[in-house]
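Each structure below appears as structure tokens.
You will see two complexes here that share subunit A, one where it goes with subunit B and one where it goes with subunit C.
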Partner chain A sequence: MNLKEWIFTTDHKRVGVLYLIGSIVAFAVAGIMALLMRAELSTIGPTITGNPTQYNVWLYAHGAVMILGFQIPALTGFFANYCIPLMIGAKDVAFPRVNALSVWLFYVGIILAVLTFFIPDPPDVMWTGYPPYSTMTTGNTAMYSFTVLILGFASIIGGVNFLTTVAYMRAPGLTLNKLNIFVWCTLGAFVLQLIFVPVLGTAVTLISLDKYLGTNFFDPSKGGDVLTYQNLFWFYSHPAVYVIFLPFIGVVYEIIASHAKNMVFNYKMVVYGGIGGIVLLSGEVWVHHLYVSGMADWLRIGQMVTTLMISVPVGLMMIGLIGTLHKGSIAFTTPMMYALGVVFLFLIGGLTGVPLAVPSLTLAVSDTYYVVGHFHYVMAVAGTFAIFGGIYHWFPKVTGKMYNEFWGKVGFWITFVGVNIVFWIMMDIGVKGMPRRYYDYAHFPQFEDAHQWMTLGAGILAVGFAIAILNWILGAINGKPAGDNPWGSPSLEWSTVSPPPHGNWPTPPSVSEDWHPYGFKKA
Partner chain B sequence: MAHDAHHAEGHAHAHWDTSVWPFVISFGILFLAVAFSFKFVYHNSFAAILSMGLALPMIIAGVAGWTSEAMGKGDGFSYSAMGWFILAEAMIFASFFVSYWYTRLHADVWPPAGNITLPKLMPLVMTFVLVASSLTIHYAEHLLHLGNKAGFRTWYLLTIVLGAVFLGMSIYEWSHLIHDGFTIGTNAFSTVFFSVTGLHGSHVVVGLGIFLAGLPTVMRGDVDEGFMRTAGLYWHFVDIIWFFVVSQIYYW
Partner chain C sequence: MHDTLKRVLRGAAAMASGTALAASAQAADATKIANPAASWDHLWHEVIVDITIIGIIFALMTAYFVWKYRRRPGNEVGTSDKLSPASAVGWVVIPVFVFLSIDFYTAANGWVLWNEYRDVPADRLEVKLESGMYSWDYTYPNGVRTQNELIVPAGKPVMLRMTSRDTLHSHYIPDFRVKEDSMPGRVTYLWFNPTKPGEHIVTCAEYCGVMHGYMAGRIIVKAPEEYAAWMKQEETRLAAATAPAEATPAAKPAAKPVKKT
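Right after this comes the complex of A and B.
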């Protein structure tokens, strides 16, 4: 293997694999941060560190790295890079060098995030970086700003690249209504990235300008306004939920259609109602993150309505999934298990989100573990399960080999049990009044048992994830040959050899009138 | 089988496209970020200069290498890609303007203490120059489309001159204001003034940079029409943003 052809590669598949390796490393790092936090919280008082700031650094690194270093790059980096050109029958992306630039910028972002553990005065600003704390702390806020800016720029150029690719490089005959759901979902996510990432970039730049160059954006004594930051930040960071949600649900669509051998239920409703609806509504709900920061009542009501409204397109996408399962010939393979896990976890996460949309209820549970539990169900765990399932699903295509089915399922079940222990208990103690982000909970001794259960659950789920990752590594080294199309899918990425050569197909593919990515032959 | 034959052939010279420049630029940017931390967080100027000494050559070499590698080999997608990129750029300006409106409309007293009256004539002249440059580049493209390469070159150079004049006036105005004690740290309005005009100015610099990158090919006479259209689109965008800057910052 020629290492130079990997590091300097401009091929979309290799860029995708580089994204995958980086994001799995980021996942491991951020996961260890979570385990350290859980270990700290297993007893009242100092457990493994006596320094609350150390806990804040873990909290910062866990959130920032999981979202910006793992989920977004795995979904819009690995899956998008690897699958989109193959799914649309293109030989590569429109701008291969730009693609290489975006993956290396991603690595630079990860390096900056990891440097956090070695520098004096690490950033301790959570993943949100709210001023005035972030502009007054001795922690290195610049590191936070640059990490976000660099990863943000990487995703903007990635977005430009993929929107152009899908617009111009589809195989002959591949009309818009024959695109895979995953392609549609990712396009939606990239449009959101292009619109909203610049706003986040601006927000974090303004903090560093205020702190280091003496500007007054957030300094009320000079006429600035501190709430500006929260508005800018959430104007991106709420849609960021959909930037993650859309590709991961797209992955789940691909898995469920392939492993249930069924046409996607109501394709046009899913694309134009579900994905389109989410893209249109996602920019109008950010103020619900500011319910407790203070605002006019009429604005609260308006944002409650839009927030509840966005559950309609999300619901359409869930109906599409259930409908695709209906009357399918379901094979309970490992990817399918993960996909069904997503449906279950996302349903819990989604339904527990509805009370949070209503201001009168939010005011009661805001800043408790209920919010943490809900968020992890709906996005963190559901998204991660989709990513794991997707890696299993395309594993034979990427490596040409088969993973171990038995250990795949073992890993799934252990993780599944673990996450439900951790995050169900979180929601429970949250409703009972346990505040989030606390380093120590001496004032809430009644929750010590629950915290210990959660620490146990965190250990269990870590074992499950480790089994999955080991399964991939071992499968890539000495798995059985998988063949070009082990799932019997008509989708274009399975029509080439596994792993695909440079240029993907010896001769560019074209598709016929009656072809459809989900046109499975009925037995 | 033809398929297998192709497959075997593919293995025989399994060549994968590479380019070192994206890698070089990315790590240049890493050193840029490190330099900022050294300078402003740890107050270690020596280490900051050292990192900048790594960052700038890497970024400049990366951009130059990339340009020479790719110039003239585009697939004609750049115009559409620029459209998407401009959407993202527009959102950066939108966030600056909206934070400005938000702060201003929320303020109990406006303008905040320490404000001065901005000059009114200078921005008008600057507007005239920038709009003129937008028209000249449009006319240059038109001539290129008709095949008049000599005419194209003249109007292209005129555009660069107008852009440079605009930038010069900006610098002149900034230095005057700073001389009068109106700096970026004076109050919330000065912060907005310098950051928004600075952001716009940086886009003028980038636009000029794109024109200058295309200059060698223009002087040689083998112009890439797709490149020109793309560069022109960016320049019109910079022009349009200026109307917001003038109306919101100078005249409101």
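Right after this comes the complex of A and C.
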């Protein structure tokens, strides 16, 4: 294998693996930022840096890189690229060269994001980049804008590609009601990306225009409005949560169905009620990020109702997941451990979101560690567990080899303990008043113990993640041969050899009338 | 129980006919000053209990399935069948009904509390707040000014009309369970009800710049007579300083008081 072949590849599997490598690197970088922040917060006053801006840059990089450089590319880049053509029985995506372009753009975005640590005035605007601070700071806001624009563009052309692929390249006999849940989820996510990414692009472009070219979109002293940016930003960034949520819950569905060898519970409910419901509601709830921003009261009340209604499709998807366990044959493999971990973490994260949907309750807990703990449970950690579980699940397909089951489980349990220490404590002190984005908490000395526990927890979870990543690297180098279908799944990606050749199947597959990706009983 | 029912009914009424009705209901029992912080504690507790119950039900069900349907000899493959059309529909309609009921119940209660937070009692102390990097500057109705210390009398609702001279800030008073952003170009408000003398921390809850974590102040609640004495003393001092220092707020950004606590 030579490097040139990989860089200039148009094979969807190699593009996917490139996405995976890039996003794992991004994950490591952003994870180190988190550890640095936790180290800084372990004592009151300066701990490892005396410069608050340094801390704010870590905070910016942690958020922006985890979301834009790790979760979205890992889910809609790696999993979508690798699995969708294989799951629908296609030999590649509809536009392989556009696909290659998207991964190149992704790497440009990652390089820009990493340059944050090497330029003299790195952005310190948080991943949200709210004006007026983002237009006043000496930090490099343009870097933030361009990182977002490039990653956003990569994601848009990816979306066009996959919607076309699923619409036109399904194997003969593969009707829409026989698509894997993961394929449906990813389609939903790409529909959201196509509709909403342009809005984010607009928002961050206007910020840079304001800062560098003297326009006044967000400057009230010259006729602009501060709140406009927040509306534009969250009009994308709330749906972005579902761009992460949908594929990761899709991955969890694949894992649970495969490792419980069971039919997905109430398939049409999951697809049309769950995924469809989320896509429909996702654009009507952004104001819940602006409950204390000074929005009109009627908007806050209106979107309280729509936000609470999100519990309906999400609840249906949880019922689908738990229902798939019912009458299953549950094997406690590493992917299954991660998937069950997601169910647990997502339950906590989802339910702690209920009070946050209510603006009157949010008046107290908004912008505190409670919110930080909540969204780490519901999307950051649950999403990362799903990604890790998914990598373990498709590891035999991607590499043709088997990972080490023992170390896989060890890694899982260490991480699982670590995240609960960090984020449970975080929610607890948040309710008691600890605000977020603080370099120092000198006027909240009562929280020092809690901060030290969280730092310890962060150290623990980092060890767990490191074990998992090492496990993949060692498994890919000298794992035992895994066979083509180690999980005994009828889903199409397991019907070809591992790793699949260029073109995926020697002869294009077709599926019979009674085939179903979750028809384990007949398999 | 009865109390809860009453709250639901009021919430439902509020949802049916908008804030106007709830506002007039509020006006009707104006004899008693609302205490949003106490109502917050009550509703928060209620919602936390609700979600804990739901969470435990789901978690126990999952744990039971995971144990009962574990893979073992004789259970090598899952055995669930495709649902019948009736049960497939039932598994949508019933959960949707249950979830929506919980949603609307929560929304109704949330709205009632919302009205409490937004309807400021007429008999109040109204203070202007201008936030800036990195201080809270209060101006009383009579022109007395304080920085990072808001002194108020116990037993009288306090309303802040807020704006900012630079970036976003959020005036967060954890003890009174309230915050709201302040920003240039718009005026926002919040109110709280200090019932007894004491000190409460004020902290910035919206990322506002490098020293965001240090932007703190205090609310000092004094007994009414102590407050009156303090205010009298400040008024005298203000009169002594006379006119020239008055007015022209934030005319010279260069003279911004940057306070690092």
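We take it that the second predicted complex is superposed on the first by the 521 of 523 C-alpha atoms of A that agree within 3 Å, B and C clash if a C-alpha of one lies under 4 Å from a C-alpha of the other, contacts with A are read in each partner's own complex, and residues count from 1 in each chain.
Simple rule for what comes next: contacts are C-beta pairs under 8 Å (C-beta built on N, C-alpha and C of every residue); 3 or more make two chains touch, one makes a residue touch a chain.
These numbers were taken from a predicted model, which means no experiment stands behind them.
S.K.: Following the overlay on subunit A, give me a clash-or-fit verdict for subunit B and subunit C.
M.R.: They fit: once the shared chain is superposed, the two partners occupy separate space.
S.K.: In the overlaid three-chain picture, which partner chain does A:114 touch, first (subunit B) or second (subunit C), both, or neither?
M.R.: neither
S.K.: In the overlay, answer first, second, both or neither for which of subunit B and subunit C A:347 touches.
M.R.: So A:347 only meets subunit C here.
S.K.: State whether A:171 touches subunit B only (first), subunit C only (second), both chains, or neither.
M.R.: Neither partner.
S.K.: If you stack the two complexes on chain A, which partner ends up touching A:469: first (subunit B), second (subunit C), both, or neither?
M.R.: neither
S.K.: Is A:225 touching the first partner subunit B, the second partner subunit C, both, or neither of them?
M.R.: both
S.K.: Between subunit B (first) and subunit C (second), which does A:35 come into contact with in this model arrangement: first, second, both, or neither?
M.R.: Neither partner.
S.K.: Should A:268 be classified as contacting the first partner (subunit B), the second (subunit C), both, or neither?
M.R.: Once the two structures are laid over each other on A, A:268 reaches subunit C alone.
S.K.: Does subunit B (first) or subunit C (second) touch A:215, or do both, or does neither?
M.R.: Touch partner of A:215: subunit B, not subunit C.
S.K.: I want to verify one number. Taking the Cα centroids, what angle sits at subunit A between subunit B and subunit C, in steps of 10 degrees?
M.R.: That angle rounds to 100 degrees.
S.K.: What's the minimum Cα gap, in whole angstrom, linking subunit B and subunit C in the superposed view?
M.R.: For subunit B and subunit C in the superposition, the minimum C-alpha gap reads 10 Å.
S.K.: Show me the subunit A residues, by the header's touch rule, that subunit B contacts in one structure and subunit C contacts in the other.
M.R.: Shared contact residues on subunit A (touching subunit B in one complex, subunit C in the other): 219, 224-225, 227.
S.K.: Would you tell me which residues of subunit C are touching subunit A in their complex?
M.R.: Per the stated touch rule, the residues are 19, 36, 40, 43-44, 47-48, 50-52, 54-55, 58-59, 61-62, 65-66, 69-71, 75-83, 88, 91-92, 95-96, 99-100, 102-104, 106-107, 109-111, 113-114, 116-118, 166-168, 170, 172, 174-175, 177-186, 188, 190, 201, 203-214, 216, 261.
S.K.: Name, in rising order, each residue of subunit B that touches subunit A in their complex.
M.R.: 2-3, 6-7, 10-11, 14-23, 25-27, 29-30, 33, 36-37, 40-42, 66, 69-70, 75, 77, 80-81, 84-85, 87-89, 91-92, 94-96, 98-99, 102-103, 106-107, 109-113, 184-191, 194-195
S.K.: Residues of subunit A touching subunit C in their complex?
M.R.: Its residues touching subunit C are 52-53, 56, 124, 126, 130, 132-133, 136-137, 219-221, 224-227, 260-263, 265-266, 268-269, 273, 292-294, 297-298, 300-301, 304-305, 308-309, 311-312, 315-316, 318-319, 322-332, 340, 343-344, 347-348, 351-352, 354-355, 357-361, 363-364, 366-368, 431-433, 435-444, 520-521, 523.
S.K.: What residues on subunit A touch subunit B, complex-wise?
M.R.: Touch residues, subunit A against subunit B: 2, 4-5, 7-11, 14, 94-98, 100-101, 103-105, 107-108, 111-112, 119-121, 140-143, 146, 150, 156-157, 159-161, 163-164, 167-168, 194-199, 201-203, 206, 208-209, 212-217, 219, 222-225, 227-228, 231-232, 235, 497, 501-503, 506-507.
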